[in-house]
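Read through the structures below before going on.
In the two complexes below, subunit A is the common chain; its partner is subunit B in one and subunit C in the other.
What follows is the complex of A and B.
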């Protein structure tokens, strides 16, 4: 594959630009997109870079079309991706559902904006429920929630690999703050870091001659019998659960002696990290836990962290009204630790907010 | 003399035969014409056949070609995505009038405007067959359906969509647009073949609407069915090529 980055290099750029470069480095072939803030610059940078590297782009008529053209392109064996946000993410649940049903290795970048409805255009963490469990399925998706530009770069590359290795639709869940702000990161060729890129392969238009050395490929997502669908979904569930240990990622710090563990994801985890340091400097033993994969969720890891700590309480901090909290609660059902929350739907959270909240409950 | 069995197109997938369409349905005729066109053009190996939801979905494993199912109205973008990813493949989307002209109309319009190099075959039977016979965009004025039990009132629900005429307006030169009918088989096969050839030549968007029959939901006998097709439908929806970049000698 053509080298894109060359020697590892420091960059200072927006998250959306980072994503476009990461897609190139990951060997993406084609993007399908429709304008919506705050992901637009993913398209802007991709359309500037793509022709220089013989890559494709199509601006579709809406997000339904962007999602379904992406599905078509991956069926044909190309690394295709899309990016969207907010109401666009709502529309894309239909193609994402088909990707789930047909095990299509679609990669989607979601830059969360405020909701409900058109909400606000830059920031929130209110697309957690939609991205993890949207659609009329069972949430057989892989969702990475990033916090930094370095992670945007790393997880876009990883996301393509995860999608094509396991064939579950994969999401990099960012937000408008990550999309729009500039910060430093290191860009690199995946191979230079020992990351082998998983090869794409076609599901239709496959090699061989029909009737000579192969049968026709008839892909389907609808079944005549309830039992047929049951078998498909049960098989999918089993596979999803069996691969989950390989996919789950999380971070935990300072939890062993903690009185309270702060749980957060995405950019909020950066201020949670700061808050823990400040609280500890003030003599309050706080701990930090961050799921990086929201699907599959680090269930056992969080249970273990709680069990191995002296924490009697947890605090869930998010820029949404309980979307992370619902995930956490369903995953750690049975734990007796007290659950507190800091819900700030659609607005940023700073260390001060978390510190105040902790002090009010400890 | 004994009976001569009609020849089966080579591109048909025999394990899925006999097909599952209702007796008297026009899908079988349309798919026979399509199969013969695929055979004549010798493109079975590089054809990707995409099916919409509804009765057209019953064709999902009809051919010994690679195929994919999509969602209602979404066959157009899926075929566009495949074609853009692998231009060497020949993509044939198959849908009904509800999928193409109603729930997927934004995709059909924009694929046509963009002159996507795909072939779409839209079967117009003036109703939603699979869901039980509701009004479609193509239901004729006065026609009784499950959601127009007193007949379609054009004042309240609009007039039937003339799809090919509309697509011909929005496509650039190079597009192929035609309307065929299952009552004129040779013409049907020729127009479908032209619509595929037009994609193979890279000329542009290729679209054939096929007037078809639905005796199950029309609640018509054989005579009434054919009469409705030839008298009522073909009067409202004129049959023939509307736009073609292919030379006259090829017709």
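What follows is the complex of A and C.
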């Protein structure tokens, strides 16, 4: 593969720009997209880079088409991706559902904006429920929630690999702040960091005669009988659960002696990390837990962290009205720690907000 | 009142190249010289974001700031491209006028929408940060500046945010100098964050050095 970055190098960029470069470094062939803030510059930068590297881009007539054309391209063996936000993410759930049903290695970058509906173009963490469980029926997907530009770069590269290795649609969940803010990161060729890129391969039209050389490729999103569907859903669930331990990622810090554990994800985890440091400097034993994969969720890991700590309480902090809280609650069902929350839907959270909240509850 | 001819400047350049930071610092520099200064947020694609969060604090420092406030934005939502009428007529303000021209290459074209801009003797300055991949080589810088249209001078603004080192500043800006030499556009000055003041010897550079303060982190963008 053509070298894109060359020697590892530091760069100063916006998150959207970072994503476009990461897709290039990951060997993506084509992007399908439809404009929506705050992901627009993913498209802008991809379209500036694509002609220089012989890559493709198609602006479709809406997000339904962008999602379905991505589904089509991966079947043809192309590393394809899309990016969207808010109402665009709603529209794309139908193609994402098809990707779940047909096990298509689609990569989607979601830059969360405010809601309901068009909400704001700026920022939120209000697309957690939609991005983790937005399909109809019970398909499976993998969702990474990033916090920094370095992670946007790293997890876009990892996301393509995850999608093509496991054949589940994969999401990199960012937000408007990550999209637009600018900070330094290191760009690199994946191979230079020991990351082997999983090669894309055609899912249909593969060589050999059906019935003679190979079995037919059945990529189905509809079945004639309920029993057929039942078998498929059960088998996909079993497979997903078996690979989940290899996919789950999380961070935990300072939890062992903590009296309260702060749970957050994405960009909010940056201030949660700061808040824990400040609280500890003030003599308050706070701990930090961050799911990186929101789906599969690090259920056992969080239960273990709680069990091995002295915490009697947790605080869930999010720029949403309870979407992370719902995930956490269902995953740690049976735990007896008191669950507190700091819900600030669609606005940024700073360390001060978390510190004040912690002081008000302990 | 301004003692001599009014200064009219527009800062253009790559998205996230530092246009707003440079424009704010320039406006405040002129204001400290007891000049009357108007700072204009000329981002027609995202008109509510760039300067809005720090508009009030800049006004407190004595600038006349043309940018939307929170109350102005109500009901406009995700409006497509829109031009603030106050920005359109900004040159009718008395004194110096500094334009912070948003949104990259297409942004530079919006200067045509400013009334009386052509006759105003406006100076267009391109802000270039070598650490941005799109302007990360002599060749790329030359290509990029060509796309911007009319550019009278370059502001060399190489940095890596909080990870900036003297080495980065020097090496990056030398590449910008080389590009500027080849396309025969002067470098107006080098902008360096003031925290590096102690470690920078201004005499080492062949062009003026201006130490700038970062205001944009308070605006998030």
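What we mean here is this: the second predicted complex is superposed on the first by the 351 of 362 C-alpha atoms of A that agree within 3 Å, B and C clash if a C-alpha of one lies under 4 Å from a C-alpha of the other, contacts with A are read in each partner's own complex, and residues count from 1 in each chain.
Going forward, contacts are C-beta pairs under 8 Å (C-beta built on N, C-alpha and C of every residue); 3 or more make two chains touch, one makes a residue touch a chain.
A quick note: this is a predicted structure, and the numbers were derived from the prediction, not measured.
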Checklist entry - Would subunit B and subunit C fit next to each other on subunit A once aligned, or clash? => result fit
Next on the checklist: Just to be sure I read the superposition right, which of the two partners does A:52 touch: subunit B = first, subunit C = second, or both, or neither?
Outcome noted: neither
Checklist entry - Is A:70 touching the first partner subunit B, the second partner subunit C, both, or neither of them? => result first
Checklist entry - Between subunit B (first) and subunit C (second), which, if any, makes contact with A:62: first, second, both or neither? => result first
Next on the checklist: One more residue to check, A:17. First (subunit B), second (subunit C), both or neither?
Outcome noted: second
Checklist entry - Does subunit A have more residues touched by subunit B or by subunit C? => result B
Next on the checklist: In the overlaid three-chain picture, which partner chain does A:221 touch, first (subunit B) or second (subunit C), both, or neither?
Outcome noted: first
Next on the checklist: Just checking: does A:211 make contact with subunit B only, subunit C only, both, or neither of them? Give me first, second, both or neither.
Outcome noted: first
Next on the checklist: Taking the superposition on A as described, I'd like to know which of subunit B and subunit C A:181 touches: first, second, both or neither.
Outcome noted: second
Checklist entry - Once the two structures are placed together by chain A, how many degrees is the angle at subunit A between subunit B and subunit C, based on Cα centres and rounded to a multiple of 10? => result 100
Next on the checklist: Can you work out, in whole Å, how close the C-alpha atoms of subunit B and subunit C get once everything is superposed?
Outcome noted: 22
Checklist entry - Shared contact residues on subunit A for subunit B and subunit C? => result none
Checklist entry - In the complex formed with subunit B, which residues of subunit A make contact? => result 29-30, 32, 56, 58, 60-62, 64-65, 68-78, 80, 94-95, 98, 102, 202-206, 209-211, 216-222
Checklist outcome for this item: Within the complex, subunit C is touched by subunit A residues 10-14, 17, 21, 37, 41, 44-45, 48, 118, 121-122, 177, 180-184, 187, 348
Item to check | List of subunit B residues in touch with subunit A within their complex | outcome: 13, 44-46, 48, 50, 53, 57, 60-61, 63-71, 74, 76-86, 89, 106-107, 109-110
Item to check | subunit A-facing residues of subunit C, complex | outcome: 15-16, 46, 49, 77-78, 129, 131-134, 136, 159-163, 168, 220-221
